[in-house]
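The first chain written gets the first letter, and so on, giving A, B, C, D, E, F, G, H, I and J; residue counts start at 1 in each chain.
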Amino acid sequence: MPELKTFDNPHPRRDYVIKHVATEFTSLCPKSGQPDFGAIEVEYVPDALCVELKSLKFYLQGYRNEGVFYEDAVNRILDDLVSALSPRWIKVTGKFTPRGGLHSIVTAEDNSAK
Amino acid sequence: MPELKTFDNPHPRRDYVIKHVATEFTSLCPKSGQPDFGAIEVEYVPDALCVELKSLKFYLQGYRNEGVFYEDAVNRILDDLVSALSPRWIKVTGKFTPRGGLHSIVTAEDNSAK
Amino acid sequence: MPELKTFDNPHPRRDYVIKHVATEFTSLCPKSGQPDFGAIEVEYVPDALCVELKSLKFYLQGYRNEGVFYEDAVNRILDDLVSALSPRWIKVTGKFTPRGGLHSIVTAEDNSAK
Amino acid sequence: MPELKTFDNPHPRRDYVIKHVATEFTSLCPKSGQPDFGAIEVEYVPDALCVELKSLKFYLQGYRNEGVFYEDAVNRILDDLVSALSPRWIKVTGKFTPRGGLHSIVTAEDNSAK
Amino acid sequence: MPELKTFDNPHPRRDYVIKHVATEFTSLCPKSGQPDFGAIEVEYVPDALCVELKSLKFYLQGYRNEGVFYEDAVNRILDDLVSALSPRWIKVTGKFTPRGGLHSIVTAEDNSAK
Amino acid sequence: MPELKTFDNPHPRRDYVIKHVATEFTSLCPKSGQPDFGAIEVEYVPDALCVELKSLKFYLQGYRNEGVFYEDAVNRILDDLVSALSPRWIKVTGKFTPRGGLHSIVTAEDNSAK
Amino acid sequence: MPELKTFDNPHPRRDYVIKHVATEFTSLCPKSGQPDFGAIEVEYVPDALCVELKSLKFYLQGYRNEGVFYEDAVNRILDDLVSALSPRWIKVTGKFTPRGGLHSIVTAEDNSAK
Amino acid sequence: MPELKTFDNPHPRRDYVIKHVATEFTSLCPKSGQPDFGAIEVEYVPDALCVELKSLKFYLQGYRNEGVFYEDAVNRILDDLVSALSPRWIKVTGKFTPRGGLHSIVTAEDNSAK
Amino acid sequence: MPELKTFDNPHPRRDYVIKHVATEFTSLCPKSGQPDFGAIEVEYVPDALCVELKSLKFYLQGYRNEGVFYEDAVNRILDDLVSALSPRWIKVTGKFTPRGGLHSIVTAEDNSAK
Amino acid sequence: MPELKTFDNPHPRRDYVIKHVATEFTSLCPKSGQPDFGAIEVEYVPDALCVELKSLKFYLQGYRNEGVFYEDAVNRILDDLVSALSPRWIKVTGKFTPRGGLHSIVTAEDNSAK
């Protein structure tokens, strides 16, 4: 995956919340090879570092031709953001478009760095 | 009912939430034999196992020509998912379309496996 | 009012929630005799009994030519459902359409049978 | 039915359009006796007369305990308005709420008085 | 298919439009056997006959366990309504839910009986 | 009524359309003295003159404590704009909020100055 | 201001919630004299008294030609309702339309009579 | 591009309209290499042939890693469908998601085969 | 204003429609100096040339600190696009946000180059 | 930045909430110099002082030609409002429009003056 770049949190003494919503996420189904589509929401309280917006876009584009299950994609994105940012709290949500009349939403959060 | 298949939870050490929304549920009214329609939402925190999406679709299609009351359908789907997954927590919601100007929503949850 | 019929709760060992929304409620204003319109929402946790859907429809139709204030209608429907069902918990909401630029929502709940 | 009252068109030399939308129409099904609900839209180009708003409300309330089919209700309302107003053009639309998963819209127009 | 019943057009001297929208149409895909879902809209100008609403509901339910392509379903429903009603004009539209990110709308009309 | 001020049409050689929508129109019912509310839409093709926006706002505010019927208000606003602007074409629409479950839309146009 | 009239709470032994939403509130800006528009929401748990709907409408109309700031209007309406009703709990919200790209919402509550 | 497969039009004697909407179209910008997203709508009157739905899905997926401008994509899809179907009439619309605050819609139609 | 760049129409033998919607247009009011906001829609049938998307964005940003009336902005943008593209047909629409309860829409079109 | 003006809280003995939503915020990206757009929401419980609405509008307009990151803008606006008002509690939210398929929401709050 493309590297997640960071910049220094300009207001580290305050707990505040940053939410980025990427509405154009796409990956491949590892079983059928067919494309999956969805939105990825990243919501976090920064500690020392914030994620740089352009690098987040490139990082998520890295899944475009990757075979990955919904449950796995959300947890991997969460793990990578925790590694890059060590945020005070973070939640990642994936909202995937319908397949056969079923749509799925996966949500995971982490505050291990707190 | 068709069998609910499972796969190993890829991130068992983290509590996270998976929600599947099936917008094309249909069954039969046990009294009138007339078709009922609605959406079934399944939301759970997996323990060792996740439900396989395609098998969930086939399982829900198993109600297509089955006579079942709203209250019963939701509780039976919940029971079957608890048996198959032993999830840390699970909630099943049925949102049924209007009949005679009345629409109904039934919600049941379970954390007996916790 | 037409009688509220019941059937045995098929899953009495579990606390679960049933919600019925009747979007075609109408009664008469006791002052002006003019028709009032609104939606009645009934949400409850059944104990031994569930309300039969068709009888709920007929019961609510019983208000069609009845003069009743908003505040009174909601509380009377609640009282009648408590008598018929002795539910573990119940809430009744009336959402009435605008009159002279004002619309009203009345909500009452009861857990006396718990 | 209550009488449709009129007032003199204040601008008879201009062709202009008046539309009244009554969102709280209710009548009875002549077969089952069950209440029907819907919206009635009246759109017309007045000639010498306009319909008085309050009398239109009372006229439509006159269907409250009347057994009438959708197709008939719309045509009867049209006929009564043509008799009362002799408008240059008029259209009546009934949009009825769902019954058994089916909702209906009936539209009739008339310019016989032109 | 269940028979389409009719009743005499109560206002045959006027051209007017009746539209019925059935939001709970379901059939089977003739290739995969999987259920399809959609809405069927029937819009027509009656001549001597109108379609009876309940029989239209039962007729459309007749497709529930029938294998039929979208293009074929809409044209067959149109043909059957033309046979039963000989309407002055009629249009049938099928709006089907998404399959693999694609949803389809098929529209056919007929005025051969005019 | 406050005067409608104008400015020279900056592009008189081209037919183009200007639409102003005033969502905060209020007047009084001449019968009951009760306030009426609605939106006034003015759409026109300017000839030599355009209406100045602020003066249009003040002009419409002039109806605030005026008793006027819907049908009359729309036609009077149209007449005053025709007098002030001599536009190539103009349409005025009033969309009034519900009274007793009925809302009204009145539309008048004029191209007498063409 | 017109007097707020009351009637006896028909169900004083139960805590329940009444909400009235007036979507056609208008007053004057005390600085510019320009009209302001908005919605006023009143939500309360009655004790011995309920507010009579028509008198609430007339009371709110009393602000029509009154110069008052948003913050002040909401608090004054709250004070007047507390005086008239001595409710167990009450909340008043004013949602005002945009001025210069800014819209405002003011919320105040009171349970001093509890 | 993957081949567009066809099947025989089951009702060739009637002019009727088929519309397929693919909401998950993605390609690459030929300048920046960045992914573009949008919906492709195909609407046509079949002559002898209809397009097979699954092959249309695979055909559109063929653009996933292709560099193509909006204007070109829509015209190429139109050309390929005309070649495969010789339809009586066809229209292709591309609705693309915003880039830098600008979103674009491109529409092209063809009836050369008529 | 920044220059409008063009590229060769890739399909000049077909009449087709390109629409660009810029939702983040802002300029200054020439009277008050206050910022105005709105959306600019450009819809055209290209002849030999198409407008390059990025240059259109920069061109529209050129109005950011420019004093210009609504009516003038739309006509100037139209004139500049006609000069740059000589399109077969073009329409420019400006939809401006509310000022004092009034919002405005200005539409101008041109086919002089046809 | 233009000065934030204040006026005396007219009801200081009550804790109540004032929310201002500015939907026309724009600034410049410090990296690219390109304009950013969004909405700024300010929600607070006043102590001795309220912010004057017009001065809040001018203050926010002060960012129009300022280069500032999303995270920084929200925190600076919060700091300036805390300095000017010493509110009992305050929250500032910035909701920014999409850039490259990503939109961002930043929320910060403060109760240091409590």
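By definition in this document, a contact is a pair of C-beta atoms (placed from the backbone, for glycine too) under 8 Å apart; a residue touches a chain by one contact, two chains touch by 3 or more.
This is a predicted model, so every value here is computed, not measured.
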Counting C-beta pairs in contact, which comes out ahead: F-I or B-D? F-I
Comparing residue numbers, which of A-B, B-D or I-J shares more than half of the contact pairs of H-I? A-B
Centroid of chain B to centroid of chain C, CA atoms only: how many Å? 27
Just give me the whole-number Å value for how far the CA centre of chain D lies from that of chain G. 37
Taking each chain's centre as the mean of its CA atoms, how far is chain D from chain H in angstrom? 44
Cα centroid separation between chain B and chain E, in whole Å? 32
At least two other chains touched by the same residue of chain B: list those residues. 23-24, 34, 37, 97-101
List of chain F residues in touch with chain C within their complex: 34, 37, 97-101
Complex interface listing, chain G residues touching chain F: 23-24, 26, 34-35, 37, 61, 64-65, 97
Give every residue of chain F touching chain I within the complex, in rising order. 9-11, 14, 16-24, 46, 50, 53-54, 56-57
Quick one: in the complex, what on chain H touches chain I? 69-72, 74-75, 98-110
